[in-house]
Structure formats: C-alpha cells, structure tokens
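Two complexes come next, and they have one chain in common, subunit A, joined by subunit B in the first and subunit C in the second.
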Partner chain A sequence: MTKLDNVTKGHPSTATGAPGPAVAVGSAEPRSIRRRRAFTVRRGATMVAFMAPAVLFVAVFIYYPMVSGSQMAFRNWNLNNLTDTAFVGFKNFQTIFADATFYTVLGNTVVWVVASIVPQFVIGFAIALFLRRTFPFRGLYQALIFFPWAISGFLIGILFRWMFNSEFGVINDLLSKAGIIHSPIPWLADPKTAMVAVIIANVWYGVTFFAIIILAALQSVPDEMLEAAALDGAGKARTLFQVIVPYIRITLSLTVLLRVIWIFNFPDIIYGMTGGGPANQTHIVTTWMIATTQRGDYGQASALGLIVVGLLVLFSIFFLTASREKKGDLS
Partner chain B sequence: MKKRQVLSLVGIGLAAALALSGCSAPAESGGKVTLQMVESLTNPVRTKVLKGLLADFEKANPNIAVDLISPPTDQADQKIQQMLQSGSGVDVLEVRDITVGPFSTNGWLSDMSGQLKGWKGWGDLTDNAVKYAKNAKGKTYYVPYGFYGLSLFYRTDLVKAAGFDGPPASWSDLLHQATALQNPAKNQFGYAFRGGTNANSNVVVAIEAYVAKKLDHDNAFKLTNGKTIFSAPEAADALKTYFTLFSKASPPSSVAWGYPEMVQGFSSGSTAFLLQDPEVIATVGESDAITPAQWSTAPLLAGPSGIAVQPMATAGWGTAAKSTHKAEAAKLIEFLSEGKASTTFSQKNSLVPILKSAADSPFYKTGAWASYLTMTEHPDKYVSVVQPRDSAWWTEWIQKSDSEVQKVLIGQMTQKELLASWDAYWTDKWKQK
Partner chain C sequence: MITRETPLARTVRIAFLALWLVITLFPLYWIAVTSFKSPGSVFSYPLTYWPKVFSLENYAGLFAKSQFGVYVANSLVVSITAALVATLISLMSAYVLARFEFRSKGALLMGFLVTQMIPSFIALGPLYLMFTSLGLVDNRFGLTLIYIAVCIPFCTVMLRGFFANVPDALEEAAMIDGCSRVGALFRVLVPVMKPGIVAAFIFNFVNCWNELFLSVTLINSDGKKTIPTALNDFISSYNIDWGSMSAAAVLTIVPTMVLFAFASRYIVQGLTAGAVKG
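Moving on, here comes the complex of A and B:
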C-alpha cells in the first residue's frame, strides 16, 4: 500500500495531514503482537514517580493560578480596597451582563475575529503557495515574511498607531500622494475607521502564522500525488481544491481553530493603537478586561476571564464537532 | 552505583540550597542594611539621575546600601501593588497622589510622621509640599519630590504673525486665537486637543476656571455649597467653549490624541497651542521643527472671572508598612527631600520644586519656566487647588470620564448629558462615602 493509496482512501492520520504508516491502517496486527505486562504496585509507583514532576509543575504553575484567579470572580476583589473581599456569588457576572458596553464589546470581538481571520487565511495561503515553489533567495523571502511574527503585538500596535495618525502618519501621506484621498482620514478618531485600522494591523501581523503553518503542510503533500493529478488532467485550480486542500484539511482546520482562540485572546494591537476607543467602540473582550484590571476591579476582570473561557470552550466544541462531521463525509 | 546516588543527592541538595538562597532578599550583611527601593514613573533619564543621588546617599551613609528597582512605567504601579501585597522586597517606594489612597486604605504604607517628627527639612518645604506631605488626618504617607502643573505652550511667531499682542490669558482668548490660526489645508491647527487617554483632565480644568469664585480649594470637584462643580451653570459655558475649541480649532483626529500625539503635534509645528506639564519643556526644546525663538509658555488660562485654577499633581517617596528598616528608609527620604538632592531631582526632571529656596534659582526664572514663576507670584489669580485624586475610585472615574468625553466628540452624547452624568457620579460617590 503506498502513501497515495492511503490518502485516497481517506485516512490522513497526522496533524499535518500526512498519512500514518501504511501498516497501521485497517490492521489489528500490532496490538496482537504487543505483550501486555502485568500491573504491579511497584510499576504503578514508578509511573507516578515519573509523572509527578510534570504533574506538579502544571498544578503549581497553571492550575493553582487558574483556580486562585477564578475564585476572585465570586468575590468583591478590588485592589483599591482589599479590606473587604467578601464572597458575592454571581454579582460580578450580573454587573457585566447588565452593562450595555459588554454587548458592544462582544459584537466587536466577533467582527475583530472574523474580519481578521478571513484575510489572514486567504493571504497566508497565497503566500504559502508562492513560497512552495523554488526560486532564487527563497530562504530570504521566507525570513522576511515570517519576521512580523517575531515582533511584540503591543509594539506593532504603537507603530500602527503612528502610521494611522491623521496628520503625521504614513498611511494618509501615501494615500494622498497616490491621489486616492484629498483630505486626511482621521482613522483612529472615528469608531468605524478605527476598527478597520486595528483589523488591518492584525491582518498584517497574523498572515505570517498561516503562511508558516500552511507552507509546512504543503511541503508534506507528496509530489507523486500532484504528478498523478497532472497526469489525470487536473488544472491548477482543481489540483488545489480537490487534491491539496483535502490533503491538508486537518492542518487547516486546526490552524483556524487555534487562530480564532488566539485572535479572540489578543488585546495587544488594539490596546496599543486605540486603547479601546474612541468611546469604547474598539474594545474587544480582552482589552475590556485589561481596562477593568486597570481600575483595580480584579473580581469583575476574573469574571470576564471566565466568560471568555466559557465562550471559547463552546466555540471549540462546536468547531471540532463540525470538523469531525466533515471528516466522516470525506471517508 | 551507591556512590553515584549519594553524589546525586548531594547535587540536588546543593541546587536546592542555591535556589532558596537566591529567592531571599539580602537585607543585612555585616551590619550593613540594604534598602529595596522601587520607582513608578520610570524613564531612563530620571533613573540615571536617581542612581546618582542614591550613590551620594550611600557615600554619606556607608552602612546603608540602596537597590533601585525600575519597572517599566506602564506596569510599575501594578508591580508595586504586587510587591506591597506580598509584603516583601520593598522598603522605599514612589507613591503618587493617585495611588496613595488605595495603598494606604489597604494598609500597605507606613505613616512616617513619627520618623520625620524632628526633621529639619520641614521648614524648607513650600506650603504645597507640606500640604501634600501631611494628609487630612495628619499622617505622612509620602513626601512629595516635585509637582506637575499646567502651563500653556504657544508659538510666539504664529501668534505675532496673526496680529495678537501676546498669548491668550483666558479660555475664550484661546478659542479666539486658536480659531484664527487654524488652517487645515496647510496642516496647521490651532490647539493640540486632548481627546484620548486622560481627556477628562483638561475638561475639568476648564470647568474649574469657570467656577473659580465658588470652588472648594481642598476638593476642586466641589463647590463651596457642597454640590459638584458639574452642577454649576458656568460648567455648561465652560464645555461650550472647550468643545468649540475642538470643532473649530483642533485637528479632527485629536479625538484619539493622548500625551504623545499632543506633544508631537506641538513639537512638529502642526499645532500652535498646547496645555501641558513642565516636563514637556525639555521635549519641545529638542525639537528640530521649531527653534527656541518660536515658542514659549504662558500661565494657565483663566475663566470669565479672571482667575485660573491650577490642579496640582504630585508624587513622592514613601515607606512600605512591612519594611523592617523604617528608620533607614526615613533617612533616605529625608536626604532626597532636602538641599542639593531635591533641587537636582526637580530640575533634571522639569518639576515644580518642593523647596522654597528654588524660587531664587535662575533656572526657574528664565525662558519657558518664567510662566511658573508668574503663577507662583500671583497665588490669588492662579489658584492652586487639590483634586480628589486620592479617591479609591479615581481610575474608574478616569475611564468613565475619558470615554464620555469621546462620546461627546463623536456625537454620541450631548454636553448636557455629560455634565449630568458626571454630577450624578460624584454626588453618588460622596454619598456612599
């Protein structure tokens, strides 16, 4: 059985979309070969001893802060006055849900995620396809394209804040010199253009990630398969949509899922560019959470954090369920 | 095999001992005390000046060493909060007028009035410095190192070319002159409007100038009749002038302008007027776009009564409640608050000084500093007031008020609604208190 056979039977079994070892497909042989060793207390203790450092590390540095932070959500925890940190039940959640800004912020978050991820994906895919080909200085191009990913998001926010400045910014200057605009656009002063500006900055930043991951996935597509497609008379578009995309579909869906979570949780650019303004109109949930901590209200900020976790868990379940259904359809 | 196990155990023990010793702060060694000091409004130039002063202090006090911690400004107050909450790692800290309230409420600051009781430096401090060093209950949570106060930066050449005799003296003068100088086609604007972070501050300054005659000087958000300044009819006039300044005489993008854009706007020559703290004197002085002959500063703007109201902002040095070296900490704070050390710190950081003697210094009598001297010499015309910046809800107020100023600027709120909202907010807060 060749790799090509494996794929055409719909068994891409690794994260990058690369097929698993041919022997594992449709065969129970390895399990029968394996000899089960009896479980003893000594073996159990050894296993626990080996796992303990990792479990302890995760417990101390991840779960303890998480639980400790979560309990603040149910207390009156304000850094400006810690003399009374009484348990207040769901009061912090009620305050958030009663605030009209929360719903504006939630809407902004959806716009921020969707409007950022679609262009990031499309442009990132195009760049990956471009970089897959061999040409002089390809390594240099790759390095240049991947460079934004190495810059701090907050710094990018500050840089773009100046670039989008109406009077001193390079964007208006270029648009004006190109004859596209006749008077400067006050980008960050109007809620609509401010949202466009922060999304443009985020697209610039995030394209790189898609390009890196999709390029890695594309490099796992076997040349034989593309040659076979060419022999069968498939054009470039058909090869792309009916051979390459199905082959790397799992990578694509996992990348999209990861990016949705990251963009949702990515306040840096907005914080650096607009601080959530004008008039809270570019706040997303995480920038609003930062603003809440800045006024010392850690109780409400923790409640917002739990709401974010809840929303992302729901989204992930929905997304993974939808992806699984598609996988079933394919096979 | 056994030997290897023993060696491994010894190695682990050593590593643990080293790690634990690294975690603990070196407080005392051979009778020498090491003070941990943390600053908040960090910038590289200031840190350098401070380190120089600390070296002088260490020279004069061989038994005390000072370790200076300089977190980035943006996170500094949060870092200080964490250190104070954990109760270790800090003896002397920078306390700001906006942090003293929450820090002292949480019991994190030491009342230094005991240690500073016999301090000879008290007599050298200005009235303002003493006022801020002792709170309403007579407690000393910090000694100010200087003050930030507003003055009007203006373009002397543009004002003259437009046919005006001198800089504006009142808010209505400013509106008149700034409107005359506005020429967007040439990228020339009248006023560097603050619409972004801290936008509320200048709105409040304008309102205070308009209600100057009936203002409570110890709580400049209150009128002498006990109501908020936002409830006064004059507040509506102030807002009308102030927001017309935006619509007729400022860059449209200044809805989002914070400190850097305002200073850049003036330094680059785009705007003719700027209301800012004295630290900007040094920044504008370094500008390549405008020469020293093209700009100066004027005293703060007056309201219709001819009185200008100067809300003082300040910060200083305090001691952590859990410090085990309070006497040494007080000694350091005394050193930084008197004589050459204090003068050096305020001059190098462009601060209004805390020492009376500084008024005689040529530094504060010349150039852009002259307007500060004018204000100091005429305290009846330039009234210095205290805003309730130490309220526990101050940061909440800043967020709310900034957002509502922007709402007015983008047409989502009327000026009347803004005043009603601010009046209700402060009335409610004072009632709760």
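Moving on, here comes the complex of A and C:
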C-alpha cells in the first residue's frame, strides 16, 4: 500500500495516460529539485509516447475482451446459434449451479490446489534448507532442477501421460519391479488415480519455484540473528521454527498466496494429461471453462470466468486478512 | 552463519538432493529414450530403459506423417516476432515506470499485475469474436499481436527491476552531453542492461513458443499451426502414436532448455526480487 500512497503524492496525470502535458509541475512534495525542474512538456510527451504502446496493447487485447466478455455471461451466447443472443439475466449462472458436474469440479479444484501446494511447499522448503550450504557444482545443481520450467505445462501433461500409461507406462513398470504393485494400475482411466496422477505431475513441476523463492528468503535472514539464537542455546529445530520462519513469514505467505492463485489458474497439465476425463472427473474450474468455451457456449464460459474471478478475489481478501491477524497475534 | 554438520545430517542432505535431481530429470530422460527407440519397441514388453538400437525412425516418421517442419517454422516466426516487439515495447514502458514519478503510476502497475492474476484464457470467447470481426482469426499475424499483449505486463515489471539497478546518473550524464532521451535510453542504458534484456526476450520467446490455449482457439488451418496446437491434435486422436509424439516433445523442449540455461540466472533474479521485497 505504501507504494500507491507515495505515487498519489507525486505529479498529477490523467488516469488513462492520454495526451501529455497534463503531467505538469506542481507537486507538494517534490522528490528533488532536479526532478521538479525536469518536468517539462517535452518530458511529459516522451513519457506518454513511451508508455502508450504497452498500455494500448494491454487495453485492447486483454482488458477489452475481458470486460466485453463479462456481459456475455448474462446473455444467451452460443457459437452454434448466434441468431438469439438475448439478455437472460442470471440464467447461465443458474445452469451452472444446477449442474452436478460443477460441484465435482469445485471439489477437484480445492483438492488440486491444496494437494499440490502442500508437498510443493514442504519439498521446496527442504531443498532450500539443504541448498544453503555450499557444495561443488551447486550452481549447476540449481540450473538442473530449474529445467522443468523451460517446458510448458501442457507438454509436462503429455510427458506424464506417457509415463502413467497403464500398459507401457514406466511408472507401473517401476512400481511392479519394486514389488509395490502386482498388476498394472489403470492410472488415467480411473477418476481417483487420475486425480492423484495429475497432482503428482504438478508437484514435480512446482517444487522448484518454492525452492528458489525460499532459498532467497533464507539468505535474507541476518547472520547475527542465527548467532544470537545459537548463543542462547536454541537447537536447530527451534532456530528454524522460532527464528527463521517468523523472520521470513511475510515472504512465505505472499508466495503461498501467489502460488494458490497460479495453481488455481493452471489448466495446462490436466488438459494435456487427461483432458478433464474420464467422464469430466478430473476437471478443475479452469479446464472446465476451457472445455465450455471449446463447445461454443460463450455465455456459460463467461459466467464461469466471472465465478473464477470472484473466487480469486474472495480468496485473496480472506488470505490477506488471515495472515494479517496472525501477525497481530504474534507481535 | 551455518553450523557444523553431523555426518548423519550430511548423508541425509546429499541423499535428498540427489534423489530430487533424479526425480526432476527422469521424465525428460524417459521421453528422450522413448523417442530414440524403434517405433515397434516403444510398445513392447519388457520395457527397456536404454534403447537396444538407437533409431531415428520416430523423428523421420514425425516429419513424414505431419507437416512438423511447417509447425516449427510457424512457431519460430510468431514467437521471435512477438518476443522482439514485446521486449521493445516493455523496455520503453519499464523505463517510464522506473524513472518517472506520476500519479497514475500505481494504477498502471496494478493494471499490469492484475493480468498476471487473471489468466488470458478467461476471455477466449470474446477474443475469438473480436478477432473474427477484425479478420484476424486463423491468422499468424493476429496470433502474434495477442502474444505481444500477453508478454508485455510481466516483461515490463521484470525490466523495470533491471532499470532500478542502473543509476540514473548514467543517462543524465549522457543527456548533459547532448544526447536525446531516446538516444540516452538506447545508446547508454540498453548496452548496460543487455543481459537483462536478453533474459526478458528469452522469457517472452519461451512463453510464446509454449502457448497453447490462444493458438488452439484462434488457428484452424493445418498450415498455420504452431507446435503446441499440432501436439494438441496428436493427443486428441484415439490412438496416440507415442513414438512420434515423444520425438515431437523432444524437439519442442530442446530449444527452450538451451535458451533457459542461458537466461535462468536472470529470470531467478527477476522473480526473487519481486517476491522477496514483496
């Protein structure tokens, strides 16, 4: 919030970034004399000219479709019948809420997010802790575990789809060699195991992100704090949970927040691995929305889109409030 | 400060890191091994963990059975163009956001960040209709335009971080010496920031190269498809030919892995700077 406050104290300008000289002199708290003097018409014009292409592209190709799309949610909008695009109020929402699949999809979304993020966080944290100590080729090691990121989620879905293949998949082969299973598991044909499989793929993909962010956060903990803890006789576990974790808590909770939103919005692996099947049983909200769009039912897809945005906003508010309250308790 | 480690702790650490490395690399190893098996032995028992005979038949089959060369060319043209234009546009917007103070700055940044929270595929339907009325459906130029728009927000935020690392005394000196602002940006700042700009370009390129949902929605004819769109056709068929599929996967992954190897340090830097400072 402080960032925004600072900015509003700066120089006035038009909200749209429209033609320039509006960016004029006259700040109550100029950052420096130099800055103030430099605020000329010419400077303003350069600024607008530099900013305009980015703003235009984002406004036209991202915001315009998003905003114009939201009114479709209240219309009967089907690609297969464009003659009747009447305003239908909340009918699209009613159709969604009346569909039993919607509740399966919601449940799957929660399972997908929670069951992915918990192992990602735990394994990522462990890797970050272990990577604090330098060892030969640590840079190479980091580069190697970073590799999955070069691959698209969709392709990762394909890779794991092949590995989880029930007949020729390497995972069944390894499990039976290890004596864990005696007959091949039809991973992607059974809704329960299919959900497990897509989550395994997602955990594999997402651990690195946590490892990188947490490692950076760990390195920000001042040495004196750790020395003080050691002098006071705190053991490793106590140092971790009572010194390190509280110190980096804000980074951790923001990372989790961003990651929840990101995983919630991440249909690629499921799309590539199961396509939401068998029988819609592995759809999450976003894959289901894409399937609805591909069916041509834009009205319903837009309604789902609004539900997604609503859920994300609610979650963010809830999460930020909860982590703020917790902070209050501790201090 | 890191305390001395007991032998047990050391063993646990090394074992854990080694295990994770194997887990990370195994899927990539497996798809590569599959691609080099002969098509017959892809589907045969028992599974072999190293090809008995190294064969390029899957690769040959891929190019014979589909227009894979065309898909690669399409992906290259669209991704390179979009990444270049997006990097250039973001360079300018990042410069403004890093160096100027103005009232709507917070709103602009917020407007960019929100697009990272709300996925681009949320507006697939409206986008399709908009592109239809503009005559940009099934058009590689149209696809390039939307890719530019999708790349700009994150790229701007990333480059803004790199600008913050360069003291503004640098371009001020150039401007006092008679350089125009544009001249100062491109002749003084850009050379200094070169590694960061290259990383931003690579990041954009990889994102466009990998993009699926927009291209699946907007491109129909076979000759205009990008690689992910073509792969989507491959897996939509009932009998997936895993031999040529794995060859296609390897050919898709290799270029991005090579590029990421160069850029990963900067991408990590950009990511952690944003996240840790909150």
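Here is the rule we go by: the second predicted complex is superposed on the first by the 269 of 331 C-alpha atoms of A that agree within 3 Å, B and C clash if a C-alpha of one lies under 4 Å from a C-alpha of the other, contacts with A are read in each partner's own complex, and residues count from 1 in each chain.
In this section, a residue touches a chain if its C-beta (ideal position, glycine included) is under 8 Å from a C-beta of that chain, and two chains touch if they have at least 3 such contacts.
Just so it is clear, the model here is predicted, and its values are computed rather than measured.
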| item | value |
| --- | --- |
| Which of subunit B and subunit C A:Leu155 touches, first, second, both or neither | second |
| Touching partner for A:Asn92 - first (subunit B), second (subunit C), both, neither | neither |
| Partner chain in contact with A:Asn202 - subunit B first, subunit C second, else both or neither | neither |
| Partner chain(s) touched by A:Asn81 [first = subunit B, second = subunit C, both, neither] | first |
| First (subunit B), second (subunit C), both or neither touched by A:Ala194 | first |
| Subunit A: partner with more touched residues, subunit B or subunit C | C |
| Touching partner for A:Asp223 - first (subunit B), second (subunit C), both, neither | second |
| Partner chain(s) touched by A:Phe168 [first = subunit B, second = subunit C, both, neither] | both |
| Which superposed partner A:Ser116 touches (first subunit B, second subunit C, both, neither) | neither |
| Set intersection of subunit A contacts, subunit C complex versus subunit B complex | 165, 167-168, 275, 293-294 |
| Subunit A residues within the subunit C interface of the complex | 3-4, 7-8, 10-17, 23, 27, 31, 35, 43, 46-47, 50-51, 53-55, 57-58, 60-66, 68-69, 72, 77, 123, 126-127, 130-133, 141, 143-152, 154-156, 158-163, 165, 167-168, 170, 173, 204, 207-208, 212-213, 216-217, 220, 223, 226-227, 230, 236, 250-251, 254-255, 258, 261, 265, 267-268, 271-272, 275, 286, 289-290, 293-294, 298, 301-302, 305, 308-309, 312 |
| Residues of subunit C that touch subunit A when the two form their complex | 1-3, 5, 13, 16-17, 20-21, 23-25, 27-28, 30-31, 34, 42-44, 46-47, 89-90, 92-93, 95-97, 100-112, 115, 117-127, 129-130, 145-146, 148-150, 152-153, 156, 181-182, 206, 209-213, 216-217, 228, 231-232, 235-236, 242, 245-246, 249, 252-253, 256-257, 259-261, 264, 268, 271-272, 275-276, 278 |
| Subunit A contact footprint on subunit B (complex, rising order) | 78, 81, 85, 101-102, 105-107, 184, 187, 189, 195-197, 251-256, 258, 261, 264-265, 268, 270, 392-393, 395-396, 398-399, 402-404, 406-407, 409-410, 412 |
| Of subunit A, residues touching subunit B in the complex | 78-83, 165-168, 183-184, 186-191, 194, 274-275, 277-280, 291, 293-297 |
